[in-house]
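The structures considered in this document are given below.
What follows is chain A paired twice: with chain B in the first complex and chain C in the second.
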Partner chain A sequence: MTSWLRIAVAAAIAFASVFFASRPAHAFPWMIREGYTGCNTCHADPSGAGILTQYGRGMEEVVLRMPYKKDADPGKMGNFLFGAVDLPEQLLLQTDFRNLFMTILPNGGAAQFQDILMQLDQSAQLKVGRFRVNGSIGYAPPTANINSNFTFRGGGFGATLTGAPSDAGAIVARQYWLGFDIGKDEEFLLRIGRMNVPYGIRSIEHPFLVRSVTRTDTNTSQQHGLTLSYSGEKFRGEVMAILGNYAIHGQAPAGQPQTFATYDSPHERGASAFFEWMPSNKVAVGASGLATYANLARTDLDPSLNSDQLGRYAFALHGRIAPVKSVVILAEADALVNSQPFTQDCPTCQSHANNHFGMAGLLQVDLEPYQGIHIMATGEVFNGHIHETNNPTYDTTTVVGWIGAWWFFAPHFDFRVDAVYSSGSAPGASPTAQGTSLLAQIHGYL
Partner chain B sequence: MNRARVALATLAFATTLAVTADAKLARTGTPQVAFHASGPAGMKIVGQTTDLDVDDQGAKIVIKVPLRNLTTGIALRDDHMRNKYLQIGSYPNAELSVDRASIHFPTGDGTASGDANGTMAIHGKTKNVSFHYNVARTGGSLHVGGTTKLDIRDYGIDIPSYLGVTVKPDIDVEVQFTATE
Partner chain C sequence: MRHFLLAPLFAVALLAPATAHATADFPAKIVSDLNITCSKPIWDGNGCTICHTTNNGGIGTAIHPFGAYVKSQGLTAFVEPKLTTILQQLDAESPHTTGAECFGTPYIDLLKSCQWQTMASATCTGTSDGGVQPGVAPSIYYGCAASPSAPSNDPAMPASIAIAFAGLLGFSVIRASSRRRSADRARRSSRT
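And then the complex of A and B:
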């Protein structure tokens, strides 16, 4: 495909994305303001995010978006295709779209612009008796450098079925799983497949340091494995046996044959767990843990690591509280360790262990002065003590501040703007430009 | 002299008891009435109102809760609750009627608690109920709390269901109010 044709295709997709935008099913931990301490009433995933249930679609109309008629019953407006099609109750369908336009103002550098088609997914769930089949499949367009300052690209590249994006883009599949509901009230769900890792506050902002340094975001950090979740009135939680992210695989060195060992090398094995106690319908406090091991570290995610074995450990305390309906406070504090084997740095042959010890923190205040309008202020911090094999040990601190506004302005649509300032760099964090970034997102869903 | 003192003390004690037994209760302050309902897999609904009246009829005490301001925090759900399920246009109140004699009031400043029976009237139906109460007296005020469990089906109330989510019929009710004698 010629570069001009590629640019034309990319531009067409961008325009189409704006005019035919639909809103994705986000993870909204601040729904605790409505008394929804758990996520499974509105989402098929019991720990939140992803495809909405029929009730979840209704609640988006009733409590989430800006009302233009007082206390109106939403009818079928929140349903699939705005109610044009009646789906059987066993079937959930959802088409999600999200586009981000980002302006990066680096310290002392020229402004850079990116348009990212973050999500273009079709999700579905079929429930027959207590069995469920759930999955999503989408498309990420190829990267197009429109000019030296403007790039158009797709998202979800860590969750592709087709490997690295080609000139035609990539097929993205963030989640797919089989599930079985257990218990008198179906309060337990056993799942196998590719799923979000149960850890920490599940929010849509995947660049949050607490999500990116722990690799527990809902964008591309899903893992294959087995999970068991519980959703009760006072407690909820989920545990996961992590078997690896098979959307990526290792490559044999040039000239050497690919073996299963090299193919399997970056796949992490381990476990994660999320637990939350809800003493009232406006307070939730919890803890999470993660421990994984891989034969080969993902240096593409964290260049400060060696291409060597890696043990990754993270522990978190988190809380959500709605002191009044218009205000929700989210907080999370994480301790993490990335541990690699001792290596020797010759000619001095000093032994080093490439280890990172870090603490990450998040505090977000969500203010909803009027239904459908959110003002959010977020503060983040990461402090790390980094031992690297061939570099001096150093400490690094990253501080990030967000100010944003989110408007759920119409059925199935929302629009969000954020200003983000970041100083420092956290190993393993999403590549966040130091300086200021301005984000504008349009979302929608069918 | 000692006999006179004993007689006076006895008379005072009896008078106190008589006052306690016969003094009419009147609600003061802001009461708190709440119900807790649940749905599938951990879903919770809390309904609240601050409307409550105490009607002291001597042998009986009637606690009346007007339902017009009962709220769960979501306006559409409140509308369904009040008009579709509780039908407050026809049945505006929930009432608990209790024999005064079945309640142990503390004598002097102190607390008393226990279980008692009464009759509950909701949605045009009346049922015997058991409830737990506690009463704390401070000076002339009685701080009263009570809890009970109800099955809404006993009162002819349809089980609420919306968009595939059905509320369980068992609900917990708790009441707190202050009254003076």
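And then the complex of A and C:
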């Protein structure tokens, strides 16, 4: 086979994989315990999460999963399709499956069971020279009520390419971008497309308050835009020009004409950035900022907002430290402002703004008593001062506690259980977070 | 050691769900809260469509007028006490007004009189100009495609992405091939 033909075949495989089969949900900031302060050695996304590099697959075999024999050589088991196919080095492929069984015990309400096919995605990256094409595409099945208290549904509907989730489900694509590596050691990466928003600690737990209220999770909060990242030995960071999330759009009320302004109204424009300093290979501290503006607030995510213009501003400080190899501490503190214009609250017709001011915090301790087994305890808090147009000003505090265990029990497979208790529901947070949730999820990838 | 670890993990996974024993079912909750006694309040089991576009419900589909209203009042999935509060507020209005501008009859009266099917319309139907609810802000839909009258299910984006990907892949392949040919020529000329 000529090299030309080999490249054409590789391109065809990448193309077919993307369109017939998106995002692996790996994002393990606690890998700092192994001295990995950055993300780009193991992930194609320089800021973490998403499709693994060949090196990342090897590390999963050697330092992440439970070892059943001591061997420093990762072998081929961690490769695509367990090593059955040798991919050219320019091509990365990854197929992910993640299923969650959840029992929700809402405060004051009756229990509900849900089985959520969180992820059925195919990811691919083709790198030719300094050019990269990266994307993920997947299927989210429709909601089905198995019986009166058991629902089966898909995940990732917020990243759907197709229209409103219908009886046929939806095609979801969390990420797709074109990239160009810059610099002598390719330490810079310029990207355009739909990407994770660079902000805060990039972790897999998308319902974390610090992720959900800032809308910076890796599940469905990606935005379209342009990013420039830097991955160095002591510093790493990324800045993004946000052009809007085109997985959603505005629709004019019935009978009114659909215009581009209406279509475009919920698309946020602005910027976000984070940087992290690693004074040693066991300590990292960072700061983040986000500022966006849209003509129509996402009332579907936060009903306390008005259907009006919204400026969102968030600023965070975070830290990751591994005092000993078996323990990693992650912490993040966020300051938030959601600002909407002055409106008149009739019949008293007093003019005032609909503003939210809040602080959110996260503290997670990850204990790995034996390689492949993680015990995690997480505390979260949100304190907000809410000034709604049609309701009195009020303060709200939400405290969330997580306790979980995670077992990387075999090559390409992990199993996790969590118990989550939330004292309330912070504005904009995941609606299922209120009350107690018991989670059991299994994840596999090829 | 492995079996020792397996047992508690699977026990938690299998036994934890067994602690629950009831349902969070909004249509049934409406019937019980409002003491609705007509024979088929949730007509033929299609009660979810008073809020959702399909009777299976699901995220992003509660866009019918009553669904949009209860969401604007802060109702989120599974929080039955909030639904109860909203229904009590609607019932406490004197006179009942909310929803009348949309369906001609207030929401609470439509619910109580079992006219749920009327509420299952995607648009307002009770206004004199044929269904326009004045002063309503745009709704947010999932997906990138839009049509003037209804949300579209056309997978328009995959085609555009396919073209973009195909274009870039083609460019990359041609560029790589060109580079390789140049390198081969350079090697050959250096040998000679």
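By definition in this document, the second predicted complex is superposed on the first by the 418 of 446 C-alpha atoms of A that agree within 3 Å, B and C clash if a C-alpha of one lies under 4 Å from a C-alpha of the other, contacts with A are read in each partner's own complex, and residues count from 1 in each chain.
Criterion: a contact is a pair of C-beta atoms (placed from the backbone, for glycine too) under 8 Å apart; a residue touches a chain by one contact, two chains touch by 3 or more.
The structure presented is a predicted model; accordingly, all values stated were derived computationally and were not measured.
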{"item": "Room on chain A for both chain B and chain C (clash or fit)", "value": "fit"}
{"item": "Chain B versus chain C as contact partner of A:411, first or second or both or neither", "value": "neither"}
{"item": "Most chain A residues touched (candidates chain B, chain C)", "value": "C"}
{"item": "Which superposed partner A:263 touches (first chain B, second chain C, both, neither)", "value": "second"}
{"item": "Chain B versus chain C as contact partner of A:89, first or second or both or neither", "value": "first"}
{"item": "Which of chain B and chain C A:237 touches, first, second, both or neither", "value": "neither"}
{"item": "Partner chain(s) touched by A:29 [first = chain B, second = chain C, both, neither]", "value": "neither"}
{"item": "Which of chain B and chain C A:254 touches, first, second, both or neither", "value": "second"}
{"item": "Partner chain in contact with A:138 - chain B first, chain C second, else both or neither", "value": "neither"}
{"item": "Superposed arrangement (fit on chain A Cα atoms) - minimum chain B/chain C Cα distance in Å", "value": "20"}
{"item": "Chain B residues within the chain A interface of the complex", "value": "38-46, 72-77, 79, 162-165"}
{"item": "Chain C partner contacts - residues on chain A that touch it in the complex", "value": "3-4, 7-8, 11, 14-15, 18-19, 101, 103-113, 126, 128-129, 131, 133, 135, 137, 142-145, 148-149, 151, 153, 157-158, 160-168, 170-171, 173, 176, 178, 246-258, 262-263, 265-266, 296, 298-300, 303-304, 307-308, 373, 405, 407, 415, 417, 419, 425, 431-432, 434-435, 438, 440"}
{"item": "Residues on chain C engaged by chain A in the complex (per definition of touch)", "value": "5, 9, 12-13, 16-17, 19-25, 28, 53-54, 56-61, 63, 71-81, 122-124, 129-133, 136-149, 151-155, 157-158, 161-162, 164-166, 168-169, 172-173, 175-177, 179-180"}
{"item": "Chain B-touching residues of chain A, taken from the complex the two chains share", "value": "34-38, 40-41, 46, 53-55, 57-58, 62-63, 70-73, 89, 185-187, 231-233, 236, 278, 281, 325"}
